Amino acid sequence: MTLRVTVWGENVHEQTNDIVARLYPEGMHACIAEALNEDDAIEARTAILQDPEHGLSEDVLESTDVLTWWGHAAHGQVSDEIVDRVQKRVLEGMGLMVLHSGHYSKIFKRLMGTTCSLKWREAGERERLWVVNPGHPIVQGVGDYIELPHAEMYGEPFAVPNPDEVVFISAFEGGEVFRSGLTYKRGNGKVFYFRPGHETYPIYYDAKVRQVLRNAVHWLRPEGSRWVDSCPNVPPDQAPNPVEIKGESLHKPGEEGFR
Amino acid sequence: MTLRVTVWGENVHEQTNDIVARLYPEGMHACIAEALNEDDAIEARTAILQDPEHGLSEDVLESTDVLTWWGHAAHGQVSDEIVDRVQKRVLEGMGLMVLHSGHYSKIFKRLMGTTCSLKWREAGERERLWVVNPGHPIVQGVGDYIELPHAEMYGEPFAVPNPDEVVFISAFEGGEVFRSGLTYKRGNGKVFYFRPGHETYPIYYDAKVRQVLRNAVHWLRPEGSRWVDSCPNVPPDQAPNPVEIKGESLHKPGEEGFR
Amino acid sequence: MTLRVTVWGENVHEQTNDIVARLYPEGMHACIAEALNEDDAIEARTAILQDPEHGLSEDVLESTDVLTWWGHAAHGQVSDEIVDRVQKRVLEGMGLMVLHSGHYSKIFKRLMGTTCSLKWREAGERERLWVVNPGHPIVQGVGDYIELPHAEMYGEPFAVPNPDEVVFISAFEGGEVFRSGLTYKRGNGKVFYFRPGHETYPIYYDAKVRQVLRNAVHWLRPEGSRWVDSCPNVPPDQAPNPVEIKGESLHKPGEEGFR
Amino acid sequence: MTLRVTVWGENVHEQTNDIVARLYPEGMHACIAEALNEDDAIEARTAILQDPEHGLSEDVLESTDVLTWWGHAAHGQVSDEIVDRVQKRVLEGMGLMVLHSGHYSKIFKRLMGTTCSLKWREAGERERLWVVNPGHPIVQGVGDYIELPHAEMYGEPFAVPNPDEVVFISAFEGGEVFRSGLTYKRGNGKVFYFRPGHETYPIYYDAKVRQVLRNAVHWLRPEGSRWVDSCPNVPPDQAPNPVEIKGESLHKPGEEGFR
């Protein structure tokens, strides 16, 4: 079964910064989608901030198994309505991969419930992403670590809830460390945060980074059925053990949607 | 050291519903504060939705070790600015106890990142809250379970992230079950969700429920130091291993606040 | 790809108790294997306590993707060597489903690190297993709950570490509750504890229970690669940043296997 | 209330290695106890492998709030009976701090359920332990990180279950990283693994390391009541909802201790 991926890109730096435009002439999202499409089991398309509904219409999300998210300069321009929509789909079971500066996106902060802040430095220093669980599906094919010659530094503390799993921990040339690969489950959806991807370095051309992107899409695939959220009233006579109403009550039995 | 608690009440049903007004003539918040003040180590005051800033000014939150939250009919009237403020204080280390229908409050949904929905029925049925960890500080003094003769039913699925601990699980007369006592950590703040407290029953007069409220306030006390969130730039020459800037860079080194 | 399952059965009650022998003339393990083999993607075989090496030779475990474990009367007769072997395979990535009274098996206690005790009563009472996450792969096809007309009661506290996910919570006719479906990850292996299965009731003939067994086997399948445990010495000149040995040292560099 | 700490030391290297004997003439355990006793709220005594019952009699453990564990060369000489005893006390609520090479102790492996393996190198290289949660009680007073000029390297993967919290992450001069401060809860007891402490370096004289030891003892203090493990039978007529026995049954009602 083909995994349908939507690669979301902010697509701002590509238009305003020469370095980024040179590195990613079609946009970072195009490069990420290309990396994913090298896997025959993945069918990746792109969507960008500037599209109507940021390219994330109900139809697009309905037909998306895994969404990847890269943003940096324009988090505030993402409409709350679209964030609501993406969150709903994650809880239903859609996978979400949040990339690099996406740590500060509305959708990631929404799902984490924390500020998602960190330390940072942009000096083109070396980063090594160490594998914490060598058997994990996400790290297959990367060996002991991924080495990136030039990267932005992100340092702890990373203000996120304790994850289900730490998959990568980075060590930077300057000395800092960072939990660079984290998994969460929210509702029936899986979430993977993956650190690399600063716009002024050719990170998404790195073979091992591309391998992780593909691995992660497979790991993030929806499993089970869609969890359709509701807050249903269960009338007393429809309880497994039917009950009589006792005493006075504020609500009428069966009254829907009060909550 | 005295624990400074602010008991927040929505205070709507008390004004509009005769049953609630009769049960809680001073308001549910007053009853909860009274239960807490039976403990000499606790100093509880109240704040309500109708107060300026909902009673949760910077000064009030600054001098609050633990905040308790009860709301139901007017979640939407709580201003987002106050929710931001409460969230910030939780991440810094303030404890938060979310009560009953507070599961649908803005602050709880904010911290959980999920819808926090559930099943419900209001028939005055019997509830038993079973203790899952008999050694846990929160359950001291309650024995094997708490029995409430009349309660609103909440049933699974409860749409929250997997908690750090399940402290209580309820069984209802009608047959449903619910994770009724859940702990989380967000930033440096502890969060406790405690289910009982429907407004039309005298739940907050129950001796065991009051004991749990007091126990939980102690467990929720701030520990360690305030975590002041920031997203600092660490200049290359201030790294533990000072680094040279390599290659071209989008940002100027030391540029603050881009993120 | 076919999932290779080994269904392990203690096979003691079947030989000593008329009721059990009548319910499960081929043994409980045979009934469980039959339930699994209804799924074309699963190939289940059986192994029993009385077999040489309890039927769990290196070869058998090597060719097992998921192991199911039912035991009750003879936990102490399982050799520690076989427990070591099963634990090793779980950490490498083999899935493990622990059934009912298997909560007190050596292998489950080994993997949990706790006593795994609980309350119990055998009165043939009704049990309902409520679904906590309706989208989860393990609960597909069971609706809101599974109802078993006659079951042994297990009650909280269940002395296990906090699980990754609570999938089922049971309510018993007598009033008790129990976390009846729990998931864990240990090493690269997934673990699922599933409560139903008392030997004197025809639990493993129940259609929904059989559906859960099949679902769980799929969920437990190995993912990623085998995690081969080791505790390697990394010589100073093979570090990513080669280091000089400083000062005196108890061990000689490169000395293997001290730890 | 004074915290009663027992500092357990293997006390083997001190007797057999000149460097260790010179660094820790009274034994490493004495140095650790001294660090703890600088805090007036702590009363630390020592126990060693060579003592009768390894110094961990029922009486000693009974009067111990927090136990610290350092071992390396003689894990196999610790009797299983004492390991059982320590595990029982942890589950009841006693805090446990496992130090450095104690990662391979019987008690730590017992509580984790995994191999607890890791990479290692002994070259006297620099280690920095970065703080992951600056508000956490355990890290108070250490700033952004602890720097140790000479340390043994431990590298990921660290084969332990996902912890409740990662408090420290180390970066080593040679490039490796390690989760150096981890918290767990097992039963009602808290567990803290703290990495530093190789015997041939003066680690336990470091002011920040000593601060963490003291902080951790406070954090590990027992809370709530002792969780006395049992596996009780609840007779049908003593259920909250008394039940009639239905059908045939393997066990007689009320029969104790079958499990």
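The first chain written gets the first letter, and so on, giving A, B, C and D; residue counts start at 1 in each chain.
Definition applied: a residue touches a chain if its C-beta (ideal position, glycine included) is under 8 Å from a C-beta of that chain, and two chains touch if they have at least 3 such contacts.
A quick map from chain label to UniProt name: A, B, C, D = ThuA domain-containing protein.
The structure displayed is predicted, hence computed values, not measured ones.
Asks: Taking each chain's centre as the mean of its CA atoms, which one is most distant from subunit A?
Replies: Farthest chain from subunit A, going by C-alpha centroids: D.
Asks: Taking each chain's centre as the mean position of its Cα atoms, how many Å separate subunit B from subunit D?
Replies: Distance between chain centres, rounded to whole Å: 31 Å.
Asks: Give, as an integer number of Å, the spacing between the C-alpha centres of subunit B and subunit A.
Replies: The mean C-alpha positions of subunit A and subunit B differ by 27 Å.
Asks: Which residues does subunit B have that touch at least 2 chains other than itself?
Replies: 128, 133-134, 155, 157, 162, 164-165, 175-176, 185, 187, 227, 240
Asks: Answer with line, ring, star, complete or other to describe the graph linking chains that touch.
Replies: complete
Asks: Can you list the subunit D residues touching subunit A in their complex?
Replies: The contact residues of subunit D facing subunit A are 128, 130-134, 155-158, 162-166, 169-171, 175-177, 179.
Asks: Any idea which subunit B residues touch subunit D in the complex?
Replies: My answer: residues 92-93, 128, 133-140, 145, 147, 164-165, 185, 187-188, 219, 223-227, 240.
Asks: In their complex, what parts of subunit B are in touch with subunit A?
Replies: 13, 17, 19-20, 87, 91, 101, 104, 110-115, 117-125, 150, 153, 155, 157, 159, 161-162, 164, 172-176, 184-187, 199-201, 227, 229-236, 239-251, 253, 259
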